[in-house]
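Same chain, two partners: chain A is paired with chain B first, then with chain C.
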Partner chain A sequence: MTSIANEYQLKCGLEIHTQLNTEKKLFSLAKNDPFGSISSPNHHVSYFDAALPGTRPILNYECVLKALKLAISLNCDVNLNSHFDRKHYFYGDQPQGYQLTQHYSPIASNGYLNLHSDIDNLDTPTKKINIIQLQLEQDTGMSHYDNYEKKTMIDLNRSNVPLIELVTEPNFDSVPQVIAFLKKYQNLVRRINVSTGNLETGAIRVDVNVSVGDYPRVELKNLSNTSSISNAIKYEYDRQINIIKQGKAAELLRYEETRGWNGYETIKLRSKETTIDYRYMPDPELGCIRLDYSIIKDIKKSLPISTDDEIRIFLNEPYNLSLKNAKLLCIQNGKNEYYTNGEVKKYYLDSFNLFREVIPPSFERDCKIIANWVINELLGDLNKLELPLKNIQELFPPTKFIEFIKLLQNGKVSNTGGKRLLFYILENIQTKQFKGNIDLQYLIQKLNIEIKSSVDGEELLKQCQSIIDNINNPKLIENIKSGKKKNSLNYLVGIAMRQTRGRVKPTEYQRIFKNILMIK
Partner chain B sequence: MFKSQEDINKFFETNFWNSEKVLLDNQSTPNGTKSSKAINPSNELIFKLLKLSGLSQKDVDIEEIRNTLKKQIQFINILQNIELTEKETFYDTNNARLLPRENTSLKYDNLLELIEKQKGSVRPSEISGSWKPTSLASKSMNGYYVLEHGQIKNRK
Partner chain C sequence: MLSNYKSPFNATIYEILSKQTNLKYIGKTRLDEFAMGSMGINDPLKLNLNDVLNPLFPDCVPGGSSSGAAASVSSNMVDFAIGTDTGGSIRLPAAWCSTMGFKPSYGKISRYGVIDMAQSLDTVGILSNDINIIKYIFRLLDKYDPKDTTSLPEKFRSKSGQDPKMNTREWKIGIPKEIFIDLCDPEVWSHFKIILANLFKSVPQVSLYPVSIPSWKLSLPIYYTLCPSEVASNMARYDGIRYGSRESDDFETQNQGGDTENDIILFASSRSKHLGKEVKRRIVLGNYTLSSDSYKNNYMKAQKLRMRLIDEFNTIFRLPNILLSNQEYENDEKDEKDGVDFLLVPTNLTKPPKLVDILNNKNQGKENPIMDYINDFFTVPMSLAGLPTISIPMCKKSSLGLQIVGQYGDDYNLLDFSKHIIINSDVLITI
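Up next, the complex of A and B:
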């Protein structure tokens, strides 16, 4: 007997089309630039892309290499003898009348990708998503519908652009798993440099199969971003459950169907009765792709280690990074325009290695200071100043950065002073005020942030007393004294530090405030 | 399996069967199999096909076209329904043509060499902007090919 939970269990599978970022197209050597050339329609079009009679396809081997990199990264079995089929259907943006694809003998099959609870932020233990197959195929041209003029405008810049179609088993049983998989997949294609991985530009396009319990699946098409994917699945899941609850499943969920997403609801596009017969046939013009077994091992060697493995390395000795920082260094989200994760990682690692050379082993744990200053302070400043990381490499390379870190370590400047100094340096690099070597000693003097080695105790006492008086908040002071709000002491220290521009050590201020307020 | 062009020529020079006989044989099958059932193309379908083929729809002998079309469809149906024996299915569909392909297996270095070699073999039409694809179209606008709405939206 089926339990209620099983009866309503969500099941999802994905079909993902990924545009490869090769220089040229799949079966011609016309430029592969479907998004960049959007304002110049039909500009990157060869005779073959426009299907002029008499033209024949010539396989671009760069596409084969990128497909193999992806297949091996996804733990697939590589097909040493794959070939292309013609899938026939008629549409204005497909001038050949058929699509060259690898339906029957794909380049790879039987792969998987693991999702982990910590790295992929899931509330379930490790989840294995099986990949049925990976096939190379052509993209179509683009249709732009002009409803006012009642015309369809066709641009063939995208015609014959290389695509990888990836099909998973219906292993997903929640929306967060689907989103986590997509994020992981996006990062993977960027990491091994086979695609830009952008959903927004259509470089990755996702169809989702949704079913409940054992009922036939519904395929959702036209999902252009992660929020559409997430909302469409939720909507479709609820729709199917309502049908089941109303006892109409035998009638309405009897056959597989294809539905679209309009931003609010899923809409029926095709049902079993209107399924297209694609009349597949092996392509007689293209040879098969025959590969030597050794190619698998050689391509594997050329690939970087997996993101998951790299994150685990950063979580452990000697780096001991937080999961958040480790992910920031390893995952390419493609969102920040001022630096890539690769650039940040290199800057961090170069700095980290230099730092370890100059500090004694007993200070090993202080290595965290590098991550804190690179990720929290440096990147924060770059974002604020809209300054690309690569623009600081010449004047403020890791060697100079470590010189700066040593000033903090030696107690020459406080954290507050350090923040001020770093921002000043970056600001002046941006406005091109610095010409040659940055003299940190000179800047410390100029900004007047050097920590005083000897301080006038009387003067500091007066300063602290004046801060307490000026706050004029007896309740706050009482809470600090009673230990109710211990952190508020740091609030007072912060005010004092700002007044002296970080030239006095915070510990000195803490001592004086405690004395005045008689805190033990 | 064919090994050379000579084998192919020899095969086609020999008369094993003729299409008229195949059609007649199938028509005489008792109760008629699915393949032999006649499909009668409607006038509407015939005119649509004439239009698609760019042929005149005026002063045509519809009955003659219908009969020819009927025979062609029947013939294709018969071919599609022939059960292949094990001997006939040993052909490798990877070849998908009469003569086998003898391509060598690619190693990693071969693949990299091919990629490098292809960089220098761009043909004139593959250079961006080297020709105007829409110049061959009957309808175009602002660099786009133009299709009437109905044509692309009403597909099945």
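Up next, the complex of A and C:
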């Protein structure tokens, strides 16, 4: 079964450039703010960033620290004696005429990142992606071409911003693996706070090497987001397969080449004949980055546990969360503006721990109620109200939240009533109606959602009978009676609950309906 | 390229010197374009080819690249001048103008604000007719500067100090065997031998030793492999885009916008027109050395040989190199008595040529840059090893210099010993 499957096997490798979110630039004291200052070009530019004669690079060790955090998180071997090299090429937005990078002796190498079928949503078993190396380097400035004025304008705010270049082995054999890796990497850099991790702003830039079988690779550049990465790989894969099928591989896939992506096809940028000789040279004045071995241990200690490990913790006792909820707590999506996963995780964990203290150990399974109410109800309401989680911390902290949960737990309020109460509380926090402490007991009264402990049996019986009469659907009733459609009983209960706004326990209604319909 | 450029910031040495109330700044001195040249005549603008003359022999060139510095000192216009020395650019003009030029240990004086020629070699130094002034100014400038990555850190500076027993001790002087070549002006060796004999006769504390530095003879190829590589790299920033001269056709090519092919032309015209011949020659040479085909065979090899040369220097000096680790430092201290304190070497092979001869050769296309490069035979080994070296006149108005070389970091002892030789009227030749 080897030949056909392997002949057309897709092979991908990634080259990822990540801007570090340090305060200052890599070799100068200018502020590292390439996008915040997009409206004021050439604002954060030191004499060095503009490559004025007589200026010198001074290494910013904050960048080294962040690079090491990333290297260690990616299981790399750290190079205790790395150094910088000059990579020469002319470009209008490259002020020095060379880029300082780490070609000959990068700061870290030989790492890996594992992709898991469950956590990373792959249809293959655990996939190990090997990382060849990580190198620290300078970003370039930016060129903007003004069609109206017919001028290229150069903005050096980005010049000398610290970058990490990461190169993987060509270990990917499907597009979903590539996308899963990028998502995981994005989450990682955000989690350990080394980068904003945004593809859209160019804080992360991805080049993909695509090859089929044993043919030379094609490097794809200018891929600005996940969908263009995915589409470009698919297009390029099909293009190469077509060439092979047409028997033109010896001619068209003979050498490595570089291609760009214009949104619907890949276009040749450079091939073997036009390759640039970068004339790498060790920088003659920047010394080695000499590191003490102990720093690796110290950084390891300072890093949070890995997302994968944390997800596994939440999947198991005592939390027993669903994979979806565990991922929501552990993975930074960077999109939601009302709460971060870290804020939600803290709110959840504080609530969970408080709750656990007050319930007997044998009821531990009941703790699931916390996840349900925090993740499903609370977050849903926050989204609906466009209310940031941090705005409720003062009036509705986990201690208050647990008071609320206890009402549900003790049967004082039904689920339906609870939902109303929660929404009411959040809505009033947003409109700043509360002054001081929130009195839950008072609100229950006010909203009239308290479950009556002594229910007037006569009245309930009347209510249920009138519901059965009003729906006027003998066939439905017959089906309930005969047991054909057991769930329809809950339909009746639901109507009753709505009428009394959840003040009566659903079990009470079930009992009465069963009595009326004479179901066992 | 930079004729219309004014730096928005001051060099560290200017900051230090301008704060001294007893010093008065007179002006800038001329030099070869980007400090590349031995004659002091490399100027792409060709403003006034003869505006720096050798004050002692007005039909001759002053030497370069610090031509204006040497001439202004030699003609007593100033008490001292500042220059930079990459392969001999202070020492050669000092010799040709029969004054003194001091290149301190690499990293002693801040390079912040100095336009780079080759960072691993560039050294700021002092020219003066008075050894006491050189020492005074050096003391002012010999300070750690955090703005310069290669500035020698304090912990090393504290290791090198003045030897209190300097004046009572015996001085061991080494003469490298490898320096005796035939290409020199005959007076170089005759004068050199007289001075050695005088030293032996009239300074009883001095003893002379032949020493061997086998890599001395490789120094020129090492230097002319590494230096142009750094030059090619450092000169890459002069594209006329942010500052400096720009040709109008580079604006036009820019207007065609975007693609790579055109971007290459963005500054080709500007560089081609506004960089001089010698600068371009070294850029081409450096880029050849750095190109991927020759990098390992040339650049890497030259780096290794440079290390070997430094090791050879370390083995002949009595003092250990302060840059070596403490352990090595202690081991070396045990056999402290072996080794010499200073080396004596001539500065220049020939006397300054006549300007008219150079121009004639140039006009007839007979320039020979290789001959200029060979002129650095006596000076580049100390540049490659970063050793403190002073050039003093062998005799008045002879245009022949004598270099006194110390171990790395031993600058003050070197200056004191030099002073001893200068004030002892029996050593140098008095004609």
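Descriptive notes on the structure:
What we mean here is this: the second predicted complex is superposed on the first by the 488 of 520 C-alpha atoms of A that agree within 3 Å, B and C clash if a C-alpha of one lies under 4 Å from a C-alpha of the other, contacts with A are read in each partner's own complex, and residues count from 1 in each chain.
Here is the rule we go by: contacts are C-beta pairs under 8 Å (C-beta built on N, C-alpha and C of every residue); 3 or more make two chains touch, one makes a residue touch a chain.
Predicted, not measured: the structure shown is a model, and the values here were computed from it.
Once the two complexes are laid over each other on the shared chain, residue contacts for A:Y280 go to chain C alone; chain B is not touched. In the superposed pair of complexes, A:Y98 makes contact with chain C only, with no contact to chain B.
When both complexes are overlaid on chain A, the residue A:S28 reaches chain B alone and has no touch with chain C. Shared-chain residue A:P41: touches chain B; no touch with chain C. When the shared chain is aligned, chain B and chain C each come close enough to touch A:K150. In the superposed model, more residues of chain A are touched by B than by the other of chain B and chain C. Using the contact criterion defined above for the overlaid structures, shared-chain residue A:P57 touches chain C, although it does not reach chain B. By the document's definition of touching, neither partner reaches A:Y8: not chain B, not chain C.
In the superposition on chain A, A:F423 makes contact with neither chain B nor chain C. Look at A:Y235: by the touch rule set out above, it reaches neither chain B nor chain C. Looking at chain A, you'll find residues 47, 50, 52, 90-92, 145, 150-152, 154, 281-282, 284, 287 touch chain B in one structure and chain C in the other. Considering their complex, residues 47, 50-59, 86, 88, 90-92, 95-98, 145, 150-152, 154, 269-270, 277-282, 284-287 of chain A touch chain C. Remark: chain B residues 93-97, 101, 103-108, 110-112, 114-115, 118-119, 121-123, 125-126, 128-129, 131-134, 136, 141-149, 151-153, 155-156 touch chain A in the complex.
Residues 23-24, 28-31, 37, 40-48, 50, 52, 60-62, 64-65, 80-81, 83, 90-92, 104-105, 143-145, 150-156, 274, 276, 281-284, 287-292, 294-295, 298-299, 302 of chain A are the ones that touch chain B when the two sit in their complex. Of all residues in chain C, those touching chain A in their complex are 2, 5, 7-9, 11, 111-116, 118-120, 146-150, 229-230, 232-233, 235-239, 241-243, 254-255, 257-258, 260, 263-264, 266-267, 287, 290-292, 295, 299, 303.
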